[in-house]
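Structure provided below as structure tokens; questions to follow.
Per-chain numbering from 1; labels A, B, C, D, E and F assigned in written order.
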Amino acid sequence: MRFDEGYSGKVFIMSHPTHEDAQAIIYGMPMDWTVSFRPGSRFGPNRIREASLGLEEYSPYMDKHLEDVKYFDAGDIPLPFGNPQRSLDMIYDYAKKILDLGKFPLGLGGEHLVSWPILQAVHEKYPDFALIHIDAHADLREEYEGEPLSHSTPVRKTCELIGPENVYSFGIRSGMREEFAYAQDSGMYMAKFEVAEPLKEVLPKLKGRNVYVTIDIDVLDPAFAPGTGTAEAGGITSKELLESIQLIAQSDVHVIGADLVEVAPIYDPTEKTPIAASKFIREILLGWVK
Amino acid sequence: MRFDEGYSGKVFIMSHPTHEDAQAIIYGMPMDWTVSFRPGSRFGPNRIREASLGLEEYSPYMDKHLEDVKYFDAGDIPLPFGNPQRSLDMIYDYAKKILDLGKFPLGLGGEHLVSWPILQAVHEKYPDFALIHIDAHADLREEYEGEPLSHSTPVRKTCELIGPENVYSFGIRSGMREEFAYAQDSGMYMAKFEVAEPLKEVLPKLKGRNVYVTIDIDVLDPAFAPGTGTAEAGGITSKELLESIQLIAQSDVHVIGADLVEVAPIYDPTEKTPIAASKFIREILLGWVK
Amino acid sequence: MRFDEGYSGKVFIMSHPTHEDAQAIIYGMPMDWTVSFRPGSRFGPNRIREASLGLEEYSPYMDKHLEDVKYFDAGDIPLPFGNPQRSLDMIYDYAKKILDLGKFPLGLGGEHLVSWPILQAVHEKYPDFALIHIDAHADLREEYEGEPLSHSTPVRKTCELIGPENVYSFGIRSGMREEFAYAQDSGMYMAKFEVAEPLKEVLPKLKGRNVYVTIDIDVLDPAFAPGTGTAEAGGITSKELLESIQLIAQSDVHVIGADLVEVAPIYDPTEKTPIAASKFIREILLGWVK
Amino acid sequence: MRFDEGYSGKVFIMSHPTHEDAQAIIYGMPMDWTVSFRPGSRFGPNRIREASLGLEEYSPYMDKHLEDVKYFDAGDIPLPFGNPQRSLDMIYDYAKKILDLGKFPLGLGGEHLVSWPILQAVHEKYPDFALIHIDAHADLREEYEGEPLSHSTPVRKTCELIGPENVYSFGIRSGMREEFAYAQDSGMYMAKFEVAEPLKEVLPKLKGRNVYVTIDIDVLDPAFAPGTGTAEAGGITSKELLESIQLIAQSDVHVIGADLVEVAPIYDPTEKTPIAASKFIREILLGWVK
Amino acid sequence: MRFDEGYSGKVFIMSHPTHEDAQAIIYGMPMDWTVSFRPGSRFGPNRIREASLGLEEYSPYMDKHLEDVKYFDAGDIPLPFGNPQRSLDMIYDYAKKILDLGKFPLGLGGEHLVSWPILQAVHEKYPDFALIHIDAHADLREEYEGEPLSHSTPVRKTCELIGPENVYSFGIRSGMREEFAYAQDSGMYMAKFEVAEPLKEVLPKLKGRNVYVTIDIDVLDPAFAPGTGTAEAGGITSKELLESIQLIAQSDVHVIGADLVEVAPIYDPTEKTPIAASKFIREILLGWVK
Amino acid sequence: MRFDEGYSGKVFIMSHPTHEDAQAIIYGMPMDWTVSFRPGSRFGPNRIREASLGLEEYSPYMDKHLEDVKYFDAGDIPLPFGNPQRSLDMIYDYAKKILDLGKFPLGLGGEHLVSWPILQAVHEKYPDFALIHIDAHADLREEYEGEPLSHSTPVRKTCELIGPENVYSFGIRSGMREEFAYAQDSGMYMAKFEVAEPLKEVLPKLKGRNVYVTIDIDVLDPAFAPGTGTAEAGGITSKELLESIQLIAQSDVHVIGADLVEVAPIYDPTEKTPIAASKFIREILLGWVK
């Protein structure tokens, strides 16, 4: 696998040169081929890496420095264009390998469907894990226009895999009637519109548990993150997402992996979306990788 | 008239094929020729329709689905380029016809002057109606550089038509000294800078009354709606406007018509302005058309 | 000097034709040559002037009109391209002259380093002044990649000049570990992330003092001000900055000069950054020049 | 099939309301999922239709009017996102049906791979047809990173299907060494860099033959068509492509179908690419459909 | 009139401070209200002035320097927004006054309709003048959607005013069938697609005559001038237009006035359109004002 | 020096991993601090490298493949921001070292002033070399607003260094009267407006000589290269520049080094400028490095 051989492309600032003693592995999943509306998230990972060059290495939020965490940016998985099933298989293998090595997988999307094979791999290692899902969209569809492999389905699949009672969604402001009905009836947790306030209530209940966190950048309002495939008005601020990352860092949950998906740089000429995303990745590295 | 003949151009999602049994008529007013600064709102209506394709048909805010409301998008009124008076006459006739049919007029601007003939038609049917005006600008000028027909004058004209005590402005953060003086002295209501909080105070007083609502997209901060002719810093968030629409929906006022104006897509390469506007229109359909 | 001769280029709206009876002098410092990341703030002053044409002359925040204040926009200082030391010398001389004439210097940047010679000139006239510094970045570095003259150093230099106990920073959300350590250990004041709330606490303590205020536009979130060199996610809103300007205006401090820096228009195709900046300048004129 | 039922979306100007008496069928193939570099050509067909609204219906090049030709724009084939094989099957069926009805298929891409199933269908009806291929890229690869279904392979596949001696490429300025070697050795015709001049030589040799023409918009220099996935400097002008279309129209070949592919509007903020493409489609309708 | 009082806004480089001894008067006509498709040319004049700051004052084409010509840039005529008739009247009065003073009127549009009142004024002073019209569009319509005052009609009106045999159009590549038929039947001259070559043939025939030249920037291909309202593929290069200006300068015609219209900067984020336009204006000043 | 240690940043495609056996060294000079108008060329080198990823490795112009040439991309020289003199010293040392190693220096700018120290270093090794200068601007000023170190002066300085009779400029279309007078009087060669045709005349005269070539991307028309600091209408096409590179490659001159400068990506949202520039670099590698 690529991260065994070293990597010479773009990397997140202060990435270690090899993966051996890294606590976390950053990896990109440049896939956007099941996206129905606006493609382009395949370029997200590299633009996040580029924007990281403009970051300070120290965080006044966490009062920590990137040299306090060891991580290795392995570059992008070389996914085959236009082949969703083979792409998902490769992501699964990749995530599994990282987990087998006892390291924290920190994935960069790509469309949200990439989280699904990661969650399958996580489930094998941590059968009792809970999912924190931060997103504008419920992603609870059973299928999308006949395709069960779609960026609208991963959370539903996860409910079926680990039980809806282990799934916690935050910031949801868009979905089909059926998705909201499912959320209400199935026993999963869903906080509409808000993220930080409901997290304050939920995190104590998750105390001591293994938790995987998936963040879709479109939970932010398009004012803060226009560079995404399905922008949805009425979202939260960058400040609230930074606070939310901090709340999780300071809580008693055990974060075992995370991903940040759906950054599609082409729709944002101001570059504010990858600039914000790279800051969130820094905070995740400093706050969640322990 | 056009909406009698069916229409084959762009329409808002889930528009009914004919107007006969529709409760509401959506219509565009592609006029921007009295605008002094940055033209382009003539393209607003069609871009809002296009952006509606990216919307979910269900609203978690209202817990309603667009199939619960019957509406017909009649397309744009074919206004004569560069001829303000004839344009206003045509809008007046159009709005009057909708009202005569007992339907809810939901207009898409175009510059704010388009609201003036609508309000005249509304006044004929509902002489006792009150106006809720949500905007960054007071629009209380008597004339603009010698022209009484200007996008800066419609609210002043309405004060003269229905009495200032029946005019309620919200979110105002820009205007001439004379306009703010008029607001204070005339007996009209004006809430500066904020929308949702003052609405909570005003709505109970309007209980049972017929109310027309006009929204200028520039009440939003340019962070949320850069695609408008006269962007003004210091505005409200998309979230606050969504909340305000919901407050009106849940109140005891009787909304008899509405418009959303001044979306000028060319100034917003990220398309976040029409994306937000289409969501507001969905919420208005679901919450105000009864 | 240029402002003695009149000036025929672009000016801020309602600038007086000559400087003689002006209370304040607006002047641009089109310098960006020590900037490491994204240059372009040299075009900030003129774009702020252009955007001022879209402003109302009356402010509902201050309930004042620009005709209530006398100011002269002297245009840009003709700084020599690529020569930082000579540029700083010219700015020093310019600021000194304004202060000698007993007028309020209102500077438009340009990179943040331009504030340093102004502060030196201010110090000579008001040895006991305090600095209010509103910014995303601490700017407390001793040097930047070996260069002591850098846009990352002016606040540190000022601490050394007037004593850290006279320096008050607000809104800081980015910097090196050493900068935050210095802030904590040196005795200066630093409010992280927020501006308006901490100002409410600090202003009473500064009662009666001479205060110079320097504002870096990047204190705003990139949603509100993408047009800047080093955009940093997680910032404040335009509304909060307007409120902060008002808080200072209503306080008992004596503002003796101010600047607004780092507007780099090229990175903002929507022009919302200069639009907001021109409004802040109007508010400063109305609220701080007495 | 869709074109039997009428269609109410966007259409090319002056499209007939039904397909029955149409000589030509315009159809879109919104597919870009095997594209390795910059996706977005899925939006090409609709933006070409939109841009057609700005066209005159009369052509001074052909001295003909669009009312002189009967054509029906059937809209886009509803291709399944991210599923290349099923997409190609659907395009094959669609093209076959048009050909069975004796009509001229005029396809709008989408990535260049969409031409492959069309050419298979054309081959069944006209086993002796020749291909005119106008493009910056040779598209003669056997596979692309292991995938035989790729936008880099359709011309090679066609060589194998109909014999390289029946394939004529024009304007080629990019490809692998192996592709140019194949072009030289296989017996196919390839004109490098130029289109109009070599056409003047080749067309007389094709006298009386059935010819299908596929045009990749990237044969134009990026100055004329920046809105495409793989822009390549050194291309021809819009004028030369207009002249080339005219040369074919005035020749003695029998054009039996055509397509125009790879318009990716997102990369062209000025919209000049769809504006040019819509003009080429008008000229093809007027000049080639007989 | 404004140019009697001096003017303090933006001016073309090296404009003289007063008009008294100027040979030519530059004046802007910021009107775009009869434009059907994409407004924005009202901003053309000022952006051309701004772009002139980047020009050299010397022309290697003409081997002349701007200090060799005396001209005064009078700024924009303050046209009333949305009032075409009054606007045209004001332009007529303005042009008449310049001509009465014996100066060369050099107008900056604005939409092409602005040329009509100028040509009426020119006709009064020079009843025998000929028109050179360089444009992508024939502009020979009798009316546009019922409005005789439209940007599509000025050349037709001029044919009626001065006789078609005195009208020479160049570069035309778009129009209705009727317009081309009129061009052929009426006795006017029309060169399709090309400008420089046909000028070489026509200019000797115009030897010694008074000639007014109107240039629509859209004669250029959108590659060279995307910033215009109705971009039309297949146009000429900037080089050919520069050569054409030079051909006229070196000919034996007597140029008595000129205008350059339809620069709409908003559609060109690269600014290449006003950059090119300002160069054309410099060449016109150097080559035609004698 | 950096290229001795290997380099892990962005590199031009197919760069060798070490410099030892490389025939040519690619190096970036990210300097734009003496630029008077529009900065941003400091980002040119890396965007050219990025764009190279979209290039084919084989050139049908040269019929050669990048694996036929050995070159090492050493990354950017770490120039000190805002310090022109030290920057030039570092470039001088760097170029000297490459020349001392007997390798071909292929520099990427950066503003045109960066060529000056390279030419000084070249002169030391090849005192008899001739300069081919391809540019829109004469760059023959003695100083620019008092600064002798300016991007407008390098060709003049070179004339003084090696004698004007050894300087050959092509494509020049902008400059001061004095610069054109100097060109005419000094004995240097200058071809105005054109590049390829005059090269065909000049190259035979340079037979057998050592020649350094400096190309300013703005020799292209802004249609082909809008991403540059001082765009000048009326330029050549990408095709003509490709042809010119080929003419030099096929001639009997001995190219000893080259640079390509003034790519400023920020002004070109379509990326066509770095796309074209990367192709020119490929052609230079294939055609000039022997």
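FYI, a contact is a pair of C-beta atoms (placed from the backbone, for glycine too) under 8 Å apart; a residue touches a chain by one contact, two chains touch by 3 or more.
As the structure is a computational prediction, the values presented were derived from the model and not from experiment.
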item	value
Starting at chain E, fewest touch steps before arriving at chain F	1
Lowest number of touching-chain links that must be crossed from chain D to chain E	1
Rounded Å distance, chain B centre to chain F centre (Cα mean)	56
Mean-CA-position distance for chain C and chain B (Å)	38
Centre distance in Å when chain C and chain E are each reduced to the mean of their C-alpha atoms	44
Junction residues of chain F - those touching two or more other chains	221, 223-224, 267, 269-270
Sites on chain C touched by chain F in the complex	32-36, 39-40, 42, 80-84, 145-147, 149-150, 266-267
Residues of chain B that touch chain C when the two form their complex	37, 172-177, 180, 192-193, 221-224, 226-227, 230-235, 267-270
Interfacial residue positions of chain D with respect to chain E in the complex	54, 56-58, 60-61, 63, 65, 221, 223-224, 237-239, 242, 269-272, 275-276, 279-280
